[in-house]
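Following this message is one structure expressed as structure tokens.
Chain lettering (A, B, C and D) follows the sequence in which the chains are written, and residue indices restart at 1 in each chain.
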Amino acid sequence: MSHEDELAALARAVEAQIPFNRVVGLQLGDLGPTETTITFEMRDELVGNFARGSLHGGVISAALDVVGGMAAITAAVAGGDVSTLAERFGKLGTIDLRVDYLRPGVGEKFTATGYTLRAGNKVAVTRMELHNDEGDLIAVGTGTYLIG
Amino acid sequence: MSHEDELAALARAVEAQIPFNRVVGLQLGDLGPTETTITFEMRDELVGNFARGSLHGGVISAALDVVGGMAAITAAVAGGDVSTLAERFGKLGTIDLRVDYLRPGVGEKFTATGYTLRAGNKVAVTRMELHNDEGDLIAVGTGTYLIG
Amino acid sequence: MSHEDELAALARAVEAQIPFNRVVGLQLGDLGPTETTITFEMRDELVGNFARGSLHGGVISAALDVVGGMAAITAAVAGGDVSTLAERFGKLGTIDLRVDYLRPGVGEKFTATGYTLRAGNKVAVTRMELHNDEGDLIAVGTGTYLIG
Amino acid sequence: MSHEDELAALARAVEAQIPFNRVVGLQLGDLGPTETTITFEMRDELVGNFARGSLHGGVISAALDVVGGMAAITAAVAGGDVSTLAERFGKLGTIDLRVDYLRPGVGEKFTATGYTLRAGNKVAVTRMELHNDEGDLIAVGTGTYLIG
């Protein structure tokens, strides 16, 4: 398999083999060295405020946590091979997460983006953003991850 | 209705009318002036790490966010009537949330507890804890909420 | 006084009339609608790790807290007059602050920058960064402020 | 030296050899396995709001950061010898810190207390509280530390 095929295989495993990722409907996009993206679509069961039809805070947290974790390990193995990435994924753990809810999560489709600020050999720190399909910034987050 | 019956009716509404709370299976317990509790049971779809069979971080965040929010408004209307509580609930919004993941979320049943540290007329700050059925502290959180 | 002179007068007051800002040696720079900056210089008494000669975490927190607060009120009164800004400053309070320490705070001079993510009429949320004079990103922060 | 004398010697070093700790006037108290305390006294230069005569947020952050760090390494070496504690102190680094400012920091004397929630061999998580001499809870914090 090519590097790209291997990365895609890992992404499909993260989507399919983590039950709660399936519940939210997370779709991994880019797993680049400087930026990682995840998308998901609005569905009735993701709603937290039925009057506004907006996302539940827990859905937003879940998406930001996952995209931050993927950014953390992708940065940690930048230049390395995908088997190392898969191995890192097995050891990945969120230490702490801060989420700032800026605007109601209304929209049809959402994109979470993760950026790595610090990637040591034990701990990584990332910033995350969630936008809707109109480009509104719904939420931001900061996460600290154990990566080795 | 008695005060207790009104509180119970509000709790049932929070459980049933917020779709994502149903996905997680949140059951509101005490809505006391100093402490609020929520319980939920492990189910396959809440898993985040299939090797360990532990809760997804997003499930933990969702439970802590909700119990903190309930603590915030319960403290804000302490001594007031339940219709005021329901009205506050309609205006409740999480501003920010920090979650610290301390141990893998393994267990059959989980209890989230919220304590209010500050309750002004605009903003409340709460601390939250998540324990499993063996009394292990799985995660803690701190939340800031807009309450009026 | 012109708008610029009024802004400069407020900045001098923040620097001079807040004792602990003088201890750190904070110098307010731009108070623009989208970005606020503060600078300070390394001095022996700001050191937290004498082996590395790096800034104490409390100095970093103080600078990020102040630049975030200035960004919060500047955004809140964008387009308004400076007396409104001064009035807002009198009511400004930090609700919570997260700081991520990314690299040792070594350098001769440091620049803290604040960006406003959300500015309601009660609460503002800002992100902050601290760079040294070589452009290294030393720390980032996120703050929630009561502004009215 | 006895164990207690060695601990006291380390505490004096932390107070005296870290310049910014001297600026704040931090006095290390108990370095127990479950709880660590630090005290400091109000002085003019620690003021952040001259109208109220209350502590600057950066002073509060600095005290909470230091007491959390001491709690982290004390828990990590519980049962071990003091030379191990001193060695750990040399490697101690704050990864991230959240501070919630609950009430104005008014008072004559303040006590910061740190509790360890998680102490692995790489990372520790602590909760901290700041009280004034009337027992008012001024601020709380949560910190993540690199300890090895």
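Going forward, a contact is a pair of C-beta atoms (placed from the backbone, for glycine too) under 8 Å apart; a residue touches a chain by one contact, two chains touch by 3 or more.
All values derive from a computational prediction rather than experimental measurement.
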item: Intersection of the contact lists for chain B and chain C; value: A, D
item: Furthest chain, CA centroid comparison against chain D; value: A
item: Chain centre separation (chain B, chain D; CA means) in Å; value: 30
item: Mean-CA-position distance for chain D and chain A (Å); value: 34
item: Centre distance in Å when chain C and chain D are each reduced to the mean of their C-alpha atoms; value: 23
item: Per-residue multi-chain contacts in chain A, two or more chains; value: 95-96, 98, 100, 125, 142, 144
item: List of chain A residues in touch with chain D within their complex; value: 95-96, 98, 122-123, 125, 142, 144, 146
item: Chain B-touching residues of chain D, taken from the complex the two chains share; value: 98, 100, 102-103, 117-118, 125, 127, 137, 140, 142, 144
item: Parts of chain C lying in touch with chain D, wherever the complex brings them together; value: 17-24, 44-51, 56-59, 61-63, 65-66, 90, 93-101
